[in-house]
């Protein structure tokens, strides 16, 4: 049964990419909704099977590592596959209605959408270093294509800046892979990790990991390397920026986290771990500060992504040379943070899209009076904001709680300050939007009411982000499952 | 003054980076790598259905990489077409009536086609394969394009899109066929591995040539412009 | 899961479901919205009464499930939570009636009533919380649901007040979260337990316990409007009258005080906190706030700001009661939780009536309002006398119990503070009462509206009278078994001998 | 011995063409030097006993990338219509 | 000091040169050249290092083949975007007049 699910998971997005390539946007939309249904069912089925009988390795083409490529299907990977299914289906549904079907170049929207989805699945499940590289490239190129599709000069400029950053990041990662292969002779992460546990750490191997994590940090827009993200996510169409901010940015972080968790102990050192944590904290402060000063609504949400990404990199210091329980807590906290940020950020971008559509201008101060006209979208924007500010009962709060516990227990109390100040700063820019929209302005009354279903989607995502806080125990229970078969070298 | 300072700083950074990289390579090169992959590969080569090791790795052991890589290529093709202007291929300024080029063409095109065919066939036991053959085929197409021979199938339409995705689709169908048969995704049924691989390679060659050629043909950019979100369209 | 376990959840869900239904209702659905509102309020009151009766007989209601690994989401109904739950259920019913009349023709009422029932749901959650984690969860939800009410009018001033409100409450929330996380780190998940946990706490964590206590009180003190952190309360008065009545006089402010009571009694335990020596400074702070609030109230011109500062000082009575070591003082503090709620809501209702009917906002144009609106002014007078502590009203009962508690705990300076504060109360309330009854109205009212026979809209007229009657009844019949005083003594009895 | 000479020469040639491709003033010359670099890379792959890559590098790396770049350079050379409207822009 | 190690070290130098070009040059096409040079450098390291010890190793050769195809796909996409960007805005570098200052209005 699991073989069928795995085959379905890998086959469907690629097949639908080809199918939608042959039709135009309108018919492509129908085909896509069928595909979304299949993909969500398959992801759910896979999640349930792993929840029932633990993770397993899946050798592609019948060959096992190190010769062939192995997919590592464990609790964490399957949870992210399910998350991708949920967020991508919401964005796909929203895009189907939001995007104007009769523009000729929009016929290429759906193929790029499906290639992006297959790239994400490849990255969540991948355990082979080079395979992850190809998955990353697949994601980056389709994301750049989506940003640039039919855009004006500014969209082109943003997509070019994004492409150059993504390519430089991939090359740095590939250089790291080359050094790793030169040193360990195998490309399977599990193989390298098990070899490192038995043998002393060879000299000169720290650079490979550093290069890979630097490349991935550039692709995740960590603080000093974040200039490319706000223009790209701000200018793209709302469903696209929702996909980018919620999932694409997380893919490269996921690989960096997996590398750090498997190889961080032997190859990494304390200084680099603390440095990455420091960069993350700087990202939180700088991103929030800029989000408060933006004039465009979607730029505010984009800079908020830069800030929220900073939290994710707290995983590095909190899992380096700490006790087993603290490391597990930190991992659980970061998983919840990724899931709740993905849901909340997607809801926020979609809701922002609706607000811009109805107000007719993308400036924040043009939102005056929208609270009276479009309360539903504003309410979903608010609920998503609650999760971003990590206030209870949202998933963000559960994540912040676990991270607080982990940093207190491991004695690194300075991360506690980052978490608390970050929460307040995010409240600053979320309520700035509320202030603008609650303001009663007599003259603005010519609003355009977007389609009803456009407003329902962000609400569903926001409620999921909120509900996550209540069911975080079950979601995380899948993660700590024992592994069925020992990873082969 | 700032300009040169900046260059100097970047130069120093790159120099340091190269130095660290070279030092790391130097230290890595001393110790032998624990897993001897080539030896493991040669043991399994006969089960891969192809004699040439590189093709075996590309199309059997690590076929998932190749599948995704073809996907990447198709994305580049899609992006190229989506911004293409060429409604018609009859671009007069491309038509060259230069007799020398015309004569050259009459000699070269058949030669390059034979070379592409050879490369494709040789792939299973000698260096060669889908990518090289595809590239040579694309080069032939470029030559014919410069010669002004109209190639109807390159006009952005259903045929072009079908051509782009053909190789990828066949590869995908073979991959899923074996999965339905109960083995892992992308596993070839034992008996007919070689024939399957050759079929896939030939279809891939066509698609790669089509993608690379489409990128060249669709180069002139269209004026289409989508109003930015929210600005009063 | 027996029915007992689910009663607190039902009580919580009534107003949550009501909120969602009201949000979905169209703006024009006036009759349906009022029906949903009042229906939910009555259902909740019924559930609370059942639980009060159950708790009195010793039944324990409680449900808990692990929300985040290592921490449980727990609801528990014990004597203390029932007191706060009854207060908020009763007053929510009255304030809904009042708000329906008050917001007769103003825009987006669906949004208002939706967030209004969300607030009450979070207040009910705070009352029924079983451990600090759940308490914090509803504490922050209260902040989020009150912000839209404070900025309901959408004017520049309202938004500015909203901003200050947020800065104070969110920072307080962050400090509180730090304290709870630290406490959880030191001691693990602590449910609220009668008698507290730290009686036998060993010496080396004493310092961290004291630090955590300070952080907890700081976090909760923001909402309890303790001296340095009270700035947001007077500014929040720009909100519509029902908001300032129920929320800023009863729900939000009491949440802070209730939190401090929970921390001292059910987390640290009364003996442990006095052992740690944290009660003494807290008492000083509460006393200072009492005096500071009254002094600032003296110099106020706008009626609602005066009432706001009086709330600041009155809430500190509760904190002072908690710090008095001994059952009698504690009972005094707890009972004031109820008394102050009833009295203060009467005053705010009357202030709302004056503003709505005669357009009065400032004290010096309240002359002669007694003749024009006798009912409301009578209620105002009863409320004012209750505040001052005139027997036999509710205020007197509190001050008397607090005084005897202070004597029992031989903290004599507390009596002096009580007397001084009562004098100050008289100093700022009596002139208003004098203006109401013994001054001639100077010229016409700023903005007069007529509603036929009654002096004001029926919906606005009856609630203040009802609460005024309650003030008297509570004071006179203080010794009956279900009166606030005896219920407070029941709580303290269970507290001191667990 | 001669092998070392050949490798040494090839290495130097590679570095020089790479630097020249980046630093030359005229864009067209940069692309031409880059195509030469691609061919040298093909020879390098042959020296590394990797015939497949040599073929691929020659056909794809030098060939098609070079063609696309040359086409882009010629296109970028001419003043773009959008720039004409604005009156400024272009090289 | 075998030949493959020499080529690996050359690859490292090419990476340095490519990185310098990518960071320093502002013209988009030149950045693309630098990107391709750096890519070739990485591929040299990828094949040179393992072949330094053992003999011919087909696995990195297959990886480099895939890498080259991915590189040309990325380059082709970049060229298409650059041409369209030039076509729409007449600019050939990202540091054009509307430089998006950090936080400034777009």
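In this document, chain identifiers A, B, C, D and E correspond to the written order of the chains, with residue numbering beginning at 1 in each.
Note that a contact is a pair of C-beta atoms (placed from the backbone, for glycine too) under 8 Å apart; a residue touches a chain by one contact, two chains touch by 3 or more.
Predicted model only: the values in this text are computed from it and were never measured.
Counting hops only between chains that touch, chain C reaches chain E in a minimum of 2.
Note: the chain lying farthest from chain B is C, by mean C-alpha position. Taking the mean of all protein C-alpha atoms as the reference point, the chain centroid lying nearest to it belongs to A. Distance from chain D peaks, on a Cα-centroid basis, for C. The mean-CA centres of chain D and chain E are about 12 angstrom from one another, to the nearest whole unit. Note: centroid distance chain B to chain E, computed from Cα atoms, is 17 Å. Our note on geometry: chain B versus chain D, Cα centroid distance of 18 Å, whole angstroms.
Chain centres here are Cα averages; for chain B and chain C they lie 71 Å apart.
Across the assembly, chain B contributes 21, 25-26, 28-29, 33, 36-37, 41, 54, 62, 65, 69, 72, 75-76, 79, 83, 129, 131, 212, 215, 219, 223, 225 as residues in contact with two or more other chains. In chain D, the residues touching two or more other chains are 52, 56, 60, 64, 68, 72, 75, 81.
Among the residues of chain E, those in touch with two or more other chains are 8, 13, 15, 17, 20, 45, 49-50, 52, 55-56, 59, 61-63, 65-66, 68-70, 72-74, 76-77, 79, 81-84, 87-89.
Every pair of chains in contact is given here: A-B, A-C, A-E, B-D, B-E, D-E.
For chain E in complex with chain D, the residues that touch the partner chain are 3-4, 6-7, 10, 13-14, 17-18, 20-21, 25, 27, 29-30, 32-34, 36-37, 40, 43-44, 47-48, 51, 55-56, 61-62, 64-65, 68-69, 71-72, 75-76, 79, 82-83, 86-92.
Listed in rising order, the residues of chain B touching chain A in the complex are 20-21, 23-29, 31, 33-37, 40-41, 44, 60-65, 67-69, 71-72, 74-76, 78-79, 81-83, 158, 161-162, 164-165, 168-169, 172, 175-176, 179-180, 182-188, 224-232.
Chain E meets chain B in the complex at residues 5, 8-9, 12-13, 15-17, 19-20, 23-24, 45, 49-50, 52-59, 61-63, 65-66, 68-70, 72-74, 76-77, 79-81, 83-84, 87-88.
Residue ranges of chain E in contact with chain A, taken from their complex: 8, 15, 22, 28, 31, 35, 38-39, 42, 45-46, 49-50, 52, 59-60, 63, 66-67, 70, 73-74, 77-78, 81-82, 84-85, 88-89, 94, 96, 98, 100, 102-103, 105-106.
Residues of chain D that touch chain B in their complex: 51-52, 55-56, 59-60, 63-64, 67-68, 71-72, 75, 81.
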